[in-house]
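Below you will find the structure I want to go over with you.
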Amino acid sequence: MGAELQAYEITHAPYYLPVGNEIQLYEAAYARRLPVLLKGPTGCGKTRFIEFMAHRLGVPLITLACNEDMTTSDLVGRFLLDESGTVWHDGPLTEAVRYGGICYLDEVVEARQDTTVIIHPLTDSRRILPLDKKGEQLIAHPDFQLVMSYNPGYQSHSKDMKPSTRQRFVALEFNYPRADAEALIVATEASTDLQLCRRLVDIAERSRALKSHGLGEGASTRALIYAAQLIEDGVTPLESCEMALIHPLSDDPDMIAALRAVVHAHF
Amino acid sequence: MGAELQAYEITHAPYYLPVGNEIQLYEAAYARRLPVLLKGPTGCGKTRFIEFMAHRLGVPLITLACNEDMTTSDLVGRFLLDESGTVWHDGPLTEAVRYGGICYLDEVVEARQDTTVIIHPLTDSRRILPLDKKGEQLIAHPDFQLVMSYNPGYQSHSKDMKPSTRQRFVALEFNYPRADAEALIVATEASTDLQLCRRLVDIAERSRALKSHGLGEGASTRALIYAAQLIEDGVTPLESCEMALIHPLSDDPDMIAALRAVVHAHF
Amino acid sequence: MGAELQAYEITHAPYYLPVGNEIQLYEAAYARRLPVLLKGPTGCGKTRFIEFMAHRLGVPLITLACNEDMTTSDLVGRFLLDESGTVWHDGPLTEAVRYGGICYLDEVVEARQDTTVIIHPLTDSRRILPLDKKGEQLIAHPDFQLVMSYNPGYQSHSKDMKPSTRQRFVALEFNYPRADAEALIVATEASTDLQLCRRLVDIAERSRALKSHGLGEGASTRALIYAAQLIEDGVTPLESCEMALIHPLSDDPDMIAALRAVVHAHF
Amino acid sequence: MGAELQAYEITHAPYYLPVGNEIQLYEAAYARRLPVLLKGPTGCGKTRFIEFMAHRLGVPLITLACNEDMTTSDLVGRFLLDESGTVWHDGPLTEAVRYGGICYLDEVVEARQDTTVIIHPLTDSRRILPLDKKGEQLIAHPDFQLVMSYNPGYQSHSKDMKPSTRQRFVALEFNYPRADAEALIVATEASTDLQLCRRLVDIAERSRALKSHGLGEGASTRALIYAAQLIEDGVTPLESCEMALIHPLSDDPDMIAALRAVVHAHF
Amino acid sequence: MGAELQAYEITHAPYYLPVGNEIQLYEAAYARRLPVLLKGPTGCGKTRFIEFMAHRLGVPLITLACNEDMTTSDLVGRFLLDESGTVWHDGPLTEAVRYGGICYLDEVVEARQDTTVIIHPLTDSRRILPLDKKGEQLIAHPDFQLVMSYNPGYQSHSKDMKPSTRQRFVALEFNYPRADAEALIVATEASTDLQLCRRLVDIAERSRALKSHGLGEGASTRALIYAAQLIEDGVTPLESCEMALIHPLSDDPDMIAALRAVVHAHF
Amino acid sequence: MGAELQAYEITHAPYYLPVGNEIQLYEAAYARRLPVLLKGPTGCGKTRFIEFMAHRLGVPLITLACNEDMTTSDLVGRFLLDESGTVWHDGPLTEAVRYGGICYLDEVVEARQDTTVIIHPLTDSRRILPLDKKGEQLIAHPDFQLVMSYNPGYQSHSKDMKPSTRQRFVALEFNYPRADAEALIVATEASTDLQLCRRLVDIAERSRALKSHGLGEGASTRALIYAAQLIEDGVTPLESCEMALIHPLSDDPDMIAALRAVVHAHF
């Protein structure tokens, strides 16, 4: 790894419990430098997985939290004013392309469809990034790989990725871990009792079942860790669940009552 | 507390009357530096509470009144022109992340959904703020915490927070205090008679009951303090209520007449 | 009053005929520096009233005609380029906050809802203006007061003020003066015959009654003064009313005919 | 008239044939410096009238063709970069306010509603123009007058002027001149035969009658002058009418046939 | 012709076959410097005609391909930064107005309605161009003429020209040439056999007849020239028609089949 | 080829298997420098074809991935700030026009309709590019050719190209290769077994048949190469197809099940 992207190195191995053979599948995709799409619900571990893989493969990880304000210039670079006039500054995507590393576009459906079109020449056999404003055609470093994540649960058609963009990727599907694995993850992350975490996971699974009954999304693994941490610190289980598993999920009085009934059945 | 954020220190203890054990719950969340969401109606004391907690915990408080104009640059920072060219200036969020402190996004639903996506890497275990434009990955100061407030009563779907953002927070729900506590707060803030304040609180509760009959929102605790202050200064109770509890709530002639009837029944 | 806002001093007492005890109510609100909302129809005297009060209280008056282009920077200030780089320039709101004075946001519903959110920290007990771009938290001068006006007759929901903004104000309701007072105001302003002005006021009241029959708004006191001035200068009453009371109110042939019939019945 | 606006002086008397006592009415409004609104259809002589009046009164005339791109800065002025930093440059409205003259906003409904709000403080008794960006309150020169024109025939509600803006003006209604006057104007402007012009005016009046049958607008006086000039130069009357009175009015084959039938009945 | 616009001189006579007396009509309009509107379908020769006329009249031709991004500044000019600060640069319309020449706005309906309003003062008897940003009123050079083209076949109401703009022009209507003339044009432009071109013209006429059956537009004269050139270069007639007369017209399988049937009936 | 565009030279012959006589047809169009439109579905080889042709013809290839942010300036050039003020920098289209080469607008329907209007003067007999901002009329280099690609399968009317733009091009239609040719391409690109590739192609053809049953687009040739590469590297065929042929195509559970059934029938 060159010195240029040292700040983006993952220096400590992140904790990650595999749920299948996703590690091997990702390694096969990386070996060919195929662009990878991580699909899955909020807080199920997509970001942790890519950090884990970047550390395992020993490559820097440049993360971009996508948003609708993000312009091509934010990805690719821009001219800035210097003592001697305008000088080109590489954007984070360009840095990853130039010096090698994984460029991770988090929540890519938040970006505007047309912004993501600029990655097309990077995701076919050419592996080039045209810097139109600078008049440079950058050929990707051999270690460069493009990874994007998104949550297919939001069914907003206006924000769907274009088929011509999606088809440039191979996709790995993520989901919440199985109950015992999820309880182990929560117990490990919150350094708390496994038995308690099993009860929390059971609550989460019931909230996820409410998704087809009007709840935007069920409780995430991350929210379970929050609840377990609060309980570990002496907050009562009921109050911890109110804070971490009920009010972050909904403002609707009926839905709050339903979630509260689930919690009360467990504590 | 370092010198950098001294201007944001709360030097005098704000008056705050707890309505439950919200102080302990907040302290538990702060101990883990969990991001906190304060939910509750207009003028019920959310902002006062966070000032109270910042003073109690001895950390600076950086408040951002969210609006739809607010860009990522307003939060994170921007390049400004100097004698020697463009120089980076940290935004308020970056300052809180760099030097430690509570960053409080007030009325966060006013911000554009995609702008708030930039806080994602700050609200999971990474606790990093990618400064894309500057090419820096800022690791959060141990004292940094993110807090956001919003009013769930506005049912505008286009402005709802995304589940993937909400789930990164633990939430505390606020409401107007119970009648006796609210009267005590109003009497203390306006330095006036408790008996009078009980009558004002009773008017407020009736206006809040009108919310399901077409009133946008009932009278806030803050509006009650305004009314009490005007009465204390010699304005008649009827005129004070007209100014503070009727006309700020509605322009609709029927609703004004209904509110006026409530006031006349009390004075 | 400091030298900084001398240009905003009202040096001559404006003519203002009170219609109730609005002067005393305003003085009570000013004594507590409560934010004030002036509600009322076009041209009924809201702006004249606030000029009158600023003169009476001896404080400078900074007026901002709100529009949808108005950004936070227009209110708060911006960096401008100087010989030595970018230099901060206070906006008019910041000037009023810093040096003390009444900041009057005229036709505030024209401003974008989210722009007005920046006044929230100024309108609660904190009385601070966060200058995010500059990294300064400005504490309001003891003489600073915020006043806004709007016309509740426009029923455009998209432009209504948010309850969480409105409730931060005490409100004074204005309307056209009673007939005899209005005739006196018109006669005084146009230096003309009171009897003539009574007839003009009678025409205005009939046009205001047409408001619920499709007319956007009835004739304002200001329009009556225009008509009286033209008559005083020798234009015939019929032509003066055509110019000042008919064509400015409507382009619709039926409505013009109705208004013309009203005028012909009086002259 | 000062030297500053010499470029805006109308040095030669424009040809203008009065259709009523509009000259006297305008002079009365100007004497009081009342803001004036000129209402009337396309090409009926509004612009010519205001040029005529500016010459008659001996004041400069600053014309602004309104459009939706027009920002407050285009009217009021802006900071420009100079050798020594940013320097303020007055916009055309500010120049008229500062040095005295008629500022004429042509086709004002093209401007955005909120842009026109900035003229409010200029159009009541204050007669001030707040230059917010510069921090100056400009008091209008005694010779300053504001005039706006628009075509009430376009019934687009989204572009209607706000009542609170309209009521700040006195209005003069224009229409096409009576047939004999219009023929005289066309003959004078095109230096051609009056008898021919009578026939052209008759065609125009029939096209104006088609307006309620789907034609956007009937032929204007200006279009008649074009047709008369072409005929005077040897183009056949039929071809001249095709070019000036038919194809500029419509692309619809049925409407073109109807207009052509009218022309053929006259030549 | 002055030196300033030499780059815009048409040095060689373009090939143009008149279809009627459009040359004489245009010359009459130019003699009076009347603004001219060229109406007609895609690729029928409007642009070629105006080049032909500019060469014939010996005046420079400044062409502007209109688009919705085109701002007033793109037409009129802007301030650019120079060693000594901001310096004004004339836009192409301003150059034509200042030094004399035909300014040709191609596909004017692509421009935003309000942008075209700035040409109003140029298209009445004043013939001035107000450079608001520069504070200059430019009087048009005696050789200046404004010409615009558009295709009335696109029935998008949102893009129709405003009547008040259209009526400032005299209009010439263009259409595809008669069959024998069109075959002669195609044969001349492609240096190929007239008999072949007759067959191509016949195909084009049939495709134009499909316009009322769902085809956006029939084959243009330009497309016929393409087809003739490909055949002349040895591509088979069927393949040439596929490339030039079928696939550029439609993506719809049924329409492609219909067009293919027409071609197969001819070759 | 001049030195200016050396970076855009295709130095190695790309692998391309012709599916018809598209090479000869393209050469005929290039001989006349006719603008060419490549129509066809995602990942069927359009980009590879144009690289192949640029190499074969020995001309540089400047690729522009179109997006809705792309402005005229991104294509044509802009003024940048230098030590001595603003200096013009050619955009990529201008470079191709000035020095000669193929300018390839990839996914042109992503660009805004009005942006593409600027290519009109380049695509008729004039072959000029007006650089309005610079005041230059650039005559195209003899080697310049314009090529655009798009996918007609997206039926979004708002993004269709305008007939007046399309008709300026000759069009070549692309589709997925015939089964045996496609299998050969996949086997060659992935250096793997032809028999395996036949099975993958068969899966792809069945997924393409699902397009009329709700699938956005069937599997592309590129996706087949991905799957073949993963299998070649030891990933199981089922997992490889999940990653490359199922999850990139759809998030819909029913569609995923249908695609999975197709895969299971083959492996």
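As written, the chains take the letters A, B, C, D, E and F, and residue 1 is the first residue of each chain.
What we mean here is this: a residue touches a chain if its C-beta (ideal position, glycine included) is under 8 Å from a C-beta of that chain, and two chains touch if they have at least 3 such contacts.
Everything numeric here is computed off the predicted structure, so don't read it as measured data.
K.L.:
Between chain C and chain F, how many steps is the shortest route if every step has to go to a touching chain?
P.N.:
So the least number of steps between the two chains is 3.
K.L.:
Chains shared as neighbours by chain C and chain E?
P.N.:
Touching chain C and chain E alike, sorted by label: D.
K.L.:
Give me the step distance from chain D to chain F, shortest route via touching chains only.
P.N.:
Shortest path length, in steps: 2.
K.L.:
By how many degrees does chain C turn when fitted onto chain D using C-alpha atoms, rounded in steps of 5?
P.N.:
Angle of rotation between the two copies: 60 degrees.
K.L.:
Computing the C-alpha centre of each chain, which chain sits at the greatest distance from chain F?
P.N.:
Taking each chain's C-alpha mean as its centre, the farthest from chain F is C.
K.L.:
Indicate the whole-number Å distance between the mean C-alpha point of chain A and the mean C-alpha point of chain D.
P.N.:
From the centre of chain A to the centre of chain D is 59 Å.
K.L.:
Cα centroid separation between chain A and chain B, in whole Å?
P.N.:
30
K.L.:
Note the residues in chain E that touch 2 or more other chains, in rising order.
P.N.:
Touching at least two other chains: 81.
K.L.:
Which of line, ring, star, complete or other matches the graph of chains that touch?
P.N.:
Topology of touching chains reads as a ring, each chain with two neighbours.
K.L.:
Would you mind writing out the residues of chain D in touch with chain E in their complex?
P.N.:
Residues 7-8, 42-43, 47-48, 51, 63-69, 74, 80-83, 89-92, 95, 106-107, 110, 151, 154, 189, 216-217, 219-220, 222-223, 226, 229-230, 233-235, 239, 242-244, 246-249, 251.
K.L.:
In the complex, go through chain F and note every residue touching chain E.
P.N.:
Listed in rising order, the residues are 21, 24-25, 28-29, 31-32, 34, 37, 39, 71-72, 79, 81, 84-86, 112-115, 117-118, 120-121, 124-126, 130, 132-133, 135-137, 152, 162-164, 166-173.
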